[in-house]
Amino acid sequence: MNTLSWSFLDILLVIALVLLAGAALRARSLRQSIILFIAFGLVTALVWARLRAPDVALAEAAIGAGLTGALLLTALRNRPSEESRLVSNNGMRWGGRWGNVAITVSVSLVALGIGWAVLYGMNDTQSGRLAGQVGSALELSGVSNPVTAVLLNFRAYDTLLELAVLLAALLGILSLGGGRATHCTVDPIATSLRGWLVPLLILTAGYQLWVGAHAPGGAFQAGALLAAAGVVQHLAGRAHAGLPVGAVLRVLMVSGIGIFMTMGLWTFLGGRGFLAYPQRWAGELILLIELFATLAIAVTLILCYLGSEPERRRITPAGSKP
Amino acid sequence: MEVDVLVLSVALPLCGALIAVAWPRRCEVVGMLTAFAVSVAAVLTLVQVLVVGALQHEMGGWTPGLGIALRVDILSAVFLVLVGLVVLASSVYATGYFGQPREKAHFWPMWLLLLAALNALVLSSDLFNVYVTLELLGLTAVSLAALSGQRAAIDAALRYLLVGLLGSMVYLAGVALLYLGYGTLDLPAIATQIESEPIAWLALCLMTGGLLLKTALFPLHFWLPPAHANAPAPVSAVLSALVVKAGFYLVMRLWIDLFPALLTPSTGLLLGIPGAAAVLWGSWQAFKAERLKLLAAYSTVAQLGYLFLGLALLFQLAPGPTRDVLFGGIVLMALTHGFAKAGLFLAAGMVQKRSGNDQISNLGGMAQRMPVTTFTIALAGVALIGLPPSGAFLGKWQLLSSALGLGQWLWVIVVATGSMLAAAYVFRVLERAFAGSSQPDAPVAIAREEWPALLLSAIAAVLLGVGSGWLWPLLGNDI
Amino acid sequence: MIDTGVLYGLTGVALAAMGFRATLLEPEVIRKLLAINIMGVGIFLLMIATAYTGPDTAADPVLHALVLTGIVVAVSATALGLALERRRRDKDGS
Amino acid sequence: MLDWISTFLILAGVAFFVSGTIGLLRLPDLYCRLHALTKSDNLGHGLLILGLMLRSDDLLTALKLLLIWILVLTASAAASQLIAQYSGRS
Amino acid sequence: MNLSSTLPGLIVASSLLPGLVIFFLREGSQFTRTLLNLGGAFAKLVLVGIMIWGVFHEKVYATRWTLAPGLELALHADALSVLFVTLSTILWFVTTLYAIGYLEHSPKRSRFFGFFSLCVSATVGLALAANLFTFVIFYELLTLATYPLVAHRGNTEAIRGARIYLVYTLGGGLALLLGAVWLHAVAGPVTFVEGGVLSRLPEQTYSQLKWIFVLLVLGLGVKAALVPLHGWLPQAMVAPAPVSALLHAVAVVKAGAFGIVRVVYDVYGVEFAADLNLLLPLGVMAAVTIIYGSIKALSQDNLKKRLAYSTVSQVSYIALGTATLGPIATIGGVVHLVHQGVMKITLFFAAGNYAETLGVHKVSEMNGIGRRMPGTTLAFTVGALGMIGIPPVAGYVTKWYLGLGALEAGAAAWVLPVLIISSLLNAAYFLPVLYRAWFLEAPVDWPNEHPRTGWFETTGALFWPPVATAVLALAAGLFAAAPYSPLEWAELIAEREYLR
């Protein structure tokens, strides 16, 4: 009974996944496709959980579905309303009807090829997988959660560059300027929700950060939760979404990579090799890096959501038109 | 000196970018210092490689399979120096180009991140790490391209972003397949295990497809001209000279180091034919282009065609002295194009800034008003056509020699027509510069903007041609 | 009976193909960004499926770290794309 | 014995979810649908959480499940209220 | 730093460095520019003198610089290169003097003299080239350096003329490049060795060598103005007089002819070329050009156009000499390299003087010009007579030797008639000019006459160069048998070519 139900659930998930993706791409109006896309994100989080990848599931739910959905909805909100109901015509500059058919056929052929290769590859599971190496080197890494160990110790350079990617996107957005119109309607329910939800979000973010060392969790998930707190603040009428303003904000933006770089240069100049933490202090150093990384990710994601640096205006009181 | 200088090439620009973000008032000084320090580090790395040979630095002290290793051999050291010098010259130019502090505050941090991405990409030898550097490169390039804020620039930047993302995703699919098949991400480790099986073939096609999309090889080049033509001058210089070339560097790295087992001579044609088409189509479009920057952008498409054509020839030669010489020729052509195109774009920027727009039709009398700029365009033109004193001449000589050696006349005809078309579109511009303008006003010169462009073109047109003798034997032992 | 890993791997490939096709065909920029995200999820699903080695044994953490990095990169790219789209619309509208 | 009760509770929860979904599909206008959704789904969800709490092995996970339920309650209440207000004005 | 390895490099640098410095001089710094120009020219004269002395005493001069494995920038001084270098150095010295006088108050002189020196450095480099690769490099540099000179004036015809010039010469350059690369691919690096290099190659490459020869001659023929490829020369007359003098007497046209001589003698070897029966088509092409050039010159009213077409026909004498197998014809061809340069430059200087002082551009306006400007017209007469082949002036030496060579090679059947007809045609288009200049009445006032300054008919810098080169032409004719004369040197070259 156990194996059968597993495969039944898998098929269900797979069908839901593919249907939602198709619906999101072909939905009539833009608003519908975005909402379907958010649902698709949540189902993906479920799939990650099913495939025993809890860290990724958390991140997908918080960032993939949550924040991307928030970004998409705000992008929608600036549009004049009839625009958002734009009917997705499938006509395409790639030579109209025949272009579509040609592209669809060629893409599906390539997909079949890859599928066959995946089938061929999956069966002879490569013994030399890195999992074994990670397992053996885990106790040297200072944390017991293998994913955090890989992220912040073995492949720390990747994470450093990834934070740089996040910063690059943020700098690009800020350089475009033209911030969004501040949230117009402020009603009592949103403010009361804010009062209740934001402290809880901050608490869970802290818990995520701490638990990351030995259980699924970590800097990215915690950062995303903090960003969610910021988004809720903004929706409840706080124009600056709980962010400091001016120099402090810029330092916070940069703190994540800053700590990483100082750590790396300190170990590099100490002759051990870039980002080679001393084995005794590895756990503590990773936690320190994760702390600042969480703050930096949260600030960056909130600013991406806001679209520009918040002005220095006083907080608008609850319930009044800003 | 046992300190691995190559790590500094990545660490310095990142730190510079952080300081520039945190301290916007001083971002220009920080930017200039970092650019200078990075080019010094690049030259030191080259010296270290010349003395010691290929170097490797395990990040975090872990063995390359588990952790990531930065590896530098003569090919990547030479590209590092190209990146360092072109970015340094463009930075000096940028100090004169950007006026208001707001623009500066936005420009410099992204500029240094772009530099970090370029260095990281050239040095990395871990497949997923290359993906992350490609993304960082793509995002910074898009943000910089959209810096000018006009409608055309933003449209071009958006299309560039979408194409870039598509390319990186396809590349990532290839990496996933390789990991599925061989269980590790380290490039040399996979190179030893790889043999001709379907999963390796598919990974090769996907990764090369993704990279060709980002390198704008002929059929996939539609996004390049508007993006490069509408970006601010120093940005378009770096976009054309370096960012597009990083894609080519990766294709070269993959096809020579990772997939030699799979490559039969005929697979080279997969790159050669689009390369030849790129040469002809790019040169023709450049000849028809109305604006100087658009001309330069299309000529980038054409010049990349030459490089891929060279690669196609390279794989048909059996390993031996002729193949090493051709490999040296291709690298030299890539370097010369890098310097020449950067010089040309900076000069085009000066023309646009001085006379309002860069329409080729009203460049009349440019020779009097901006003699140094005209000279820069002339030198860059010489390097683009591949006339004697330039490194491109040697490159084209090797290309033609190996094509004739193989008896494949198609490439010879393509290179010949390409050079004639290149001569046509360069002298079409220079001709206007000689035409006397009605009011010969006094020559206007801003040293800070003119000298970097002139030096870049001079390096391309003369130094690389005459002074590159030492490079050839070293490149030989790379492949 | 195909095992779970291959099932999800194939769906990943299918999703990636749908995303790729939609990116080329959809004229509207926001839909293109959606399609790119879906393509990303497809490829990540392929990666996580290869990491899955049965219900009891631990999955391959390296791939999970890669997918985490991929998700963060995808969200930053989407944010930039949306900001560019908004800026293009402001230029249009105002 | 505990096992039977929790299975029963879960099945009841699922039944309420099904009824909520049918309500969503069948009912004519927005407000009825909102009504159906919040009422039955929250109740269904409560029963489901109760059933799971019985199955959970230690107290901490049980309390976490409870926290989830409370969160879902507040979220759906606030959301339906905002949707109702927003649709009412536009 | 011994002299033997740096002398050729120094000779090229002696005009390259001043040229680069002149580029960045301000327009007004007249004195420094003239100093640099003349200083460079003088230094080059001295260095060439040392080299002539050295080569005569069997000393070897060679400068080598490897650009890439198998590709070497090599300059060396063998007999043929010394001949061409001496010619271009002397004439460049004279032309610089003339140019300074001619461009007295015209704008953009720094740019002009910069490119002027680059052009001569390219010519000298081309002359000293030790292998085909270096020859191709300097050949293309010559195109680059001369384009701005032709387009110097900046008006629409100058731009149009320069564009036509560019299309022809770049096309030719490309053909030469393809031929050189193909030869490199077939026979490896090709160095210029007296008696040719390619005769040792295996049998099956002969067909490729034929096609390579066609490409090389096509490339060189553009600059040597062989018939179908000569279109650019009359158009390039739009350039200022010193440029057309330099271009059509010393640098460009000579580069093409010199290239053909190098390829036939030092790459293929003349016997080997004959075996591949490549010489006959070359000879026919040269003959056709000689006749065609002379006929076209008849109908030209513009003086410079007429001289241009006469250059087209005269240069092909060199090609004709090369194409006829036999030492005497070779001597004729090689010695014409010098004679034609000296005579043609005199004619161009004179034409420049007429244009600059009296504003006379057309032959029809030249009535009685001899009375107004006796010195220049005298020089013009010497040059014209030389062209026709009348004894005292150098021209007759070439024609004499060509005739003898044809007889010796047994190809007299078609070479002699060509020589005779061309001499008659030369007379037909030069004598009326002389008659008009000396025996007809001068018009009341010249088109735009400059007032007479000193007791000279025109400024000193314009007057002396044509007279000097006329004297040289006379000397080359009268003292042909003297030890250091061009004829002696040509015999030395021919003797080395045919030794084996």
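Going in written order, the chains are labelled A, B, C, D and E, and every chain counts its residues from 1.
Keep in mind that, in the parts below, a contact is a pair of C-beta atoms (placed from the backbone, for glycine too) under 8 Å apart; a residue touches a chain by one contact, two chains touch by 3 or more.
The structure presented is a predicted model; accordingly, all values stated were derived computationally and were not measured.
Student: Any chains in contact with both chain A and chain E?
Tutor: B
Student: Of all chains present, which has the mean Cα position farthest from that of chain C?
Tutor: E
Student: Can you pull out the chain pair that has more C-beta pairs in contact than any other?
Tutor: That would be the chain pair A-C.
Student: Mind having a look at which chain is the central one, using mean CA positions?
Tutor: If we average C-alpha coordinates per chain, B lands closest to the whole-structure average.
Student: Relative to chain D, which chain has the most distant C-alpha mean position?
Tutor: E
Student: Measuring from the mean C-alpha position of chain B to the mean C-alpha position of chain E, what distance in angstrom results?
Tutor: 43
Student: At what distance in angstrom does the C-alpha mean of chain C lie from that of chain A?
Tutor: 12
Student: Round to the nearest whole Å and give the separation of the Cα centres of chain D and chain E.
Tutor: Centre separation, chain D to chain E: 99 Å.
Student: Roughly how far is chain C from chain E, going centre to centre by Cα mean, in whole Å?
Tutor: Taking the mean C-alpha position of each chain, the two centres sit 70 Å apart.
Student: Would you mind listing the residues of chain A that make contact with two or more other chains?
Tutor: Those would be 114, 118, 121-122, 129-130, 134, 154-155, 158, 162, 165, 168-169, 172, 176-177.
Student: Note the residues in chain B that touch 2 or more other chains, in rising order.
Tutor: 128, 132, 135, 139, 142-143, 146, 149, 154, 173, 180, 185, in rising order.
Student: Quick check: what residues of chain E touch more than one other chain, meaning two or more?
Tutor: None at all.
Student: Going by the touch rule stated at the top, which chains touch which?
Tutor: A-B, A-C, A-D, B-C, B-E
Student: Mind listing the chain A positions that touch chain B in their complex?
Tutor: Touching chain B from chain A are residues 113-114, 116-118, 120-122, 126-130, 133-134, 137, 153-158, 160-162, 164-165, 167-169, 171-172, 174-177, 247, 250-251, 253-254, 257-258, 261, 264-265, 268, 272-277.
Student: Within their complex, state which residues of chain A touch chain D.
Tutor: Of all residues in chain A, those touching chain D are 81, 187, 189-190, 193, 196-197, 200.
Student: In the complex, go through chain C and note every residue touching chain A.
Tutor: 1, 4-11, 13-22, 24-28, 30-31, 33-35, 37-38, 41, 44-46, 48-53, 55, 58-62, 64-69, 71-80, 82-87, 89-90, 93
Student: Could you please specify the touching residues of chain D with respect to chain A in the complex?
Tutor: Against chain A, chain D makes touches at 71, 74, 78, 81-82, 85, 90.
Student: Going by the contact rule at the top, pick out the chain B residues touching chain C in the complex.
Tutor: 128, 132, 135, 138-139, 142-143, 146, 149, 151, 154-155, 157-158, 161-162, 165-166, 169-170, 172-173, 176, 179-180, 185
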